[in-house]
């Protein structure tokens, strides 16, 4: 087991998930609470990264973040190096690719919050920020967990973008998915099975822990009295 | 533009989405309405396909469905050919890979349905099947749309599983994502940009249509009176 | 009549005209799937419906032969793959950069990132490592590597400007796209073991005759001669 | 005949009641927090008691000791909860028809819906959605939905709290006739003692989770009567 | 002083009211469906009228012609809706404290919560979650949440429909004293005409979306009074 790659992957998935929640929660709130017709367009755009094969998306990012575009040159001027082939580059790529996994469930969750409660909070003087923090987020908890699980797991398994943008540099961009892919491609099936088993095992344990606490079954479904 | 690949992709994504909704809706209902503690384990397992890089998952499926396992030989005996390298094989692979995209949002959506309403339906004699059909599904409509959008788009962009399991056979397994990948690999950037632009354009239009009808903004958020 | 060919990705710029000529000559339609040789090998191991396999190296075909899944026809025996071409390794840079490809460039401090293909399986990656070791530059350059999945991706790393130079195949460097934007320097052929590309017949093919016809066509003098245009050296003559 | 012995704890609140209700119409009377809703939810099968049993017309609905628990929809029992839980995505007609069986006879269906809505005076609301109903309209539709299933046992939890006195009285009168004609036993929670008199119902007086008394209103509400009459007279005086 | 002229259509229902409310406490009286909730929602800023304006104490809250619309939270106005929309994921304390500002003084905070809960007689419910409250308890907490924000204008939509008469009367009395001391103008929708007399409030009589009358109960409810007293006497007689 390549522990360096393991922890790198954890770091990448964790950071991507955190960043995406920070982006997706306000964006989803805007999509749900806003009234402009243009929001349907924004919502559509937020789903787009999924349509392209990840390798192709990775290729476009490679070009876009590279020194041949003004945008890429700007980044290089700031960082001193191109984003590609660095951990930060992977984070950027993963965040873009996983955006729909975060936005879609959160928008659905926010939409399901009782409008009566939103009204009550507004009457009590809550502005949009407070509304989201104290009402939408806790009441859509289950959707936010879904978004986080999808984002995290997908980033762990993410491969195309990482392959394109990463350059397989140990300690910086060699994630577990690359290691696993290499093991398979190199016909080292025994190692591949070991890596996959470990990854699956750990994920199952983490997920069971999440789902046991997130849905205390029975209790969760208890209806309101009176 | 490779129209054969285009329609093949539509067919694959459409079929995968339809099958996944048929699987995910009852499964999610079981996860939400059931009381057994083991359901947390089922829920965890349903999220797992995401953890593996798609190519690696594709590889495992390839081996499992191929002539080297008893299971695969059984399938070959029935079908007369291996599942891999056929359209049906791609459907199987896509369904397995996209399972979490369907299950996660739908479970979250079902969880958010007012327990009072579920009680009311039960009192009126609704069994689980009717509960799901008449209450959970329409009330979690937004989550089901999210699940369908994620599944469909992800299957359109799906690449790793298709690459491994499909073998790029025109008319059977050559999807648009493979075409696009090959165009990029072959330095045919102009064609790649054209294909990508068309794909993105069509997707945006379809998504805007969905989101404009699914969330008649303003009206949707109207609170209940009295 | 139709045959299915599994071909290494680096043949994508090479094979289409040959397939066309083959169809003219024989009326047989050859339908080609391009992917990394390793992936194609895995697929053939698991029952992929191909008739011919044109790998970018000899290891994978040999592996299939050993497993009884493929037949070689090289040396007139069934035991070894036909070497249908040899590849050449080049150092490639963009024209608009300040760097000119040469052996000196490999010693230049301005070279920050060098793209190579995955040496574990891509033949050009293996060759790149061998060449650098021969030149005594391997240790110095190792931290500057960015490793691509295959040759074409290595070229993209450079072409997009993210890597300064790349050790790629002559076939890639000779594509219209890369000649327009870049320059290359051929790495001396004696500094790495020859990149021999092998072809095998997939054992379970139903199109044995047609597939063999294609092999014969591929090894015919005019076609072999034609390979040079695309950056490949002809393989050994058919016996 | 509804018979039960129940023991249920909810936090500090302890419900412990055992009784037999034989009257056509029983009014459960008690102050806010006395346990009226808790009791009705147990009877309807929405909650399980910690211990005890419930039997209705010879059938056992709940029996914790015997591990018996009949699902809410099977008890032949309809329940109008304190908050009218109308299905927000269905119009009034679809709400009312939801529990009607068999589901293959369209005329029977529509007939029942019309009858139920007419009874509660909501005939003109057919096509409305719940969010477009006033508080009192929603309550009436919830009652219509409950009686449309033709239950054997009807549980009502303050069903007319959003209606004014005269309207509620008129509705109760109509409802009583209909329920009698259809042989439905009714248990209604209320905090309006006057309802019990108006209905000539048996009264179960709840206090703090216990059954304080059971019998005709004249007996059970003897104390209560004093307070109510004096209050009513006071008000009547103030009104004059 | 609350002044408004409003015009709003909801399907076939048409609300068209123009009036000026100067009394400390105004009771909006009307049958189910008369438009009480619709009017209060417009005043609170939860809905927009098709046309019209609302002004309170010199400030314009809504003015459609001038494209002015003040957000609900800025109107200095608290609104207890007909269904107590308590936040289900917060306990009673957090619900009541939600609208209290400034948010930096913990003692002030807690003081206000305790005061509000004590006033509605719900001091022992601090740590409960809404789903563990009875119907009447939830209503009282909703009122506490509204007064804890110290509004200038308090809108109540049948806030005590789940309480029995004596409890509601006692609560109204306490509330009236507190609101007077705090200089709060109150508008309460109710279908209990007696409340208006008990409170000595001004009465706005709504009928079918129009203002039928405005004035002291003795005048406005002249007709109504007859019906009520006769009904009350009837009941009082039946009770005896």
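Letters A, B, C, D and E mark the chains as written, and numbering starts fresh at 1 in each.
The criterion applied here is as follows: contacts are C-beta pairs under 8 Å (C-beta built on N, C-alpha and C of every residue); 3 or more make two chains touch, one makes a residue touch a chain.
In UniProt terms, the chains line up like this: A, B = Molybdenum transport system permease; D, E = ATP-binding cassette domain-containing protein.
Nothing here was measured: the structure is a model prediction, and the numbers come from that model.
Listed by label, the chains that touch subunit A and also subunit C are B. Taking the mean of C-alpha positions as each chain's centre, the chain lying farthest from the centre of subunit E is C.
Taking each chain's centre as the mean of its CA atoms, D is the chain most distant from subunit A. The centroid of the Cα atoms in subunit C and the matching centroid in subunit D are 82 Å apart. Taking each chain's centre as the average of its CA atoms, subunit A and subunit B sit 18 Å apart.
Remark: subunit B and subunit D have CA centroids separated by 46 Å (rounded to whole angstrom).
Each of residues 39, 42, 153, 156 in subunit C touches at least two other chains. Residue positions of subunit B touching 2 or more other chains: 55, 59, 114, 116, 119, 139, 184, 222-226.
The residues of subunit E that reach two or more other chains are 37, 46, 81-83, 132, 134-135, 137, 157, 162, listed in rising order. Partner subunit B is touched in their complex by these residues of subunit C: 4, 6, 9, 12-13, 31, 33-35, 39, 42-43, 45-50, 150, 152-153, 155-156, 159, 172, 175-178. Those residues of subunit B lying in contact with subunit C across their complex are 55, 59, 62-63, 66-68, 72, 76, 81-82, 84-85, 163-164, 167-170, 182, 184-189. Chain contact summary for the complex, subunit D toward subunit B: residues 44, 46, 71-74, 77-79, 81, 83, 85-89, 98-99, 101, 130-135, 137-138, 145, 149, 162. Of all residues in subunit A, only 32-37, 39-41, 43-45, 47-48, 50-57, 59-60, 100-101, 104-105, 107-109, 111-116, 118-119, 139-140, 142-143, 145-146, 149-150, 153-154, 156-160, 177-178, 180-181, 184, 192, 196, 199-200, 203-204, 207-208, 210-212, 215, 217-218, 220-224 touch subunit B in the complex they form.
Residues 10-11, 31-33, 36-37, 82-83, 128, 132, 134-137, 157-158, 161-167, 169, 191-194, 197-198, 225, 227-229, 231-233, 235-236, 238-240 of subunit D are the ones that touch subunit E when the two sit in their complex.
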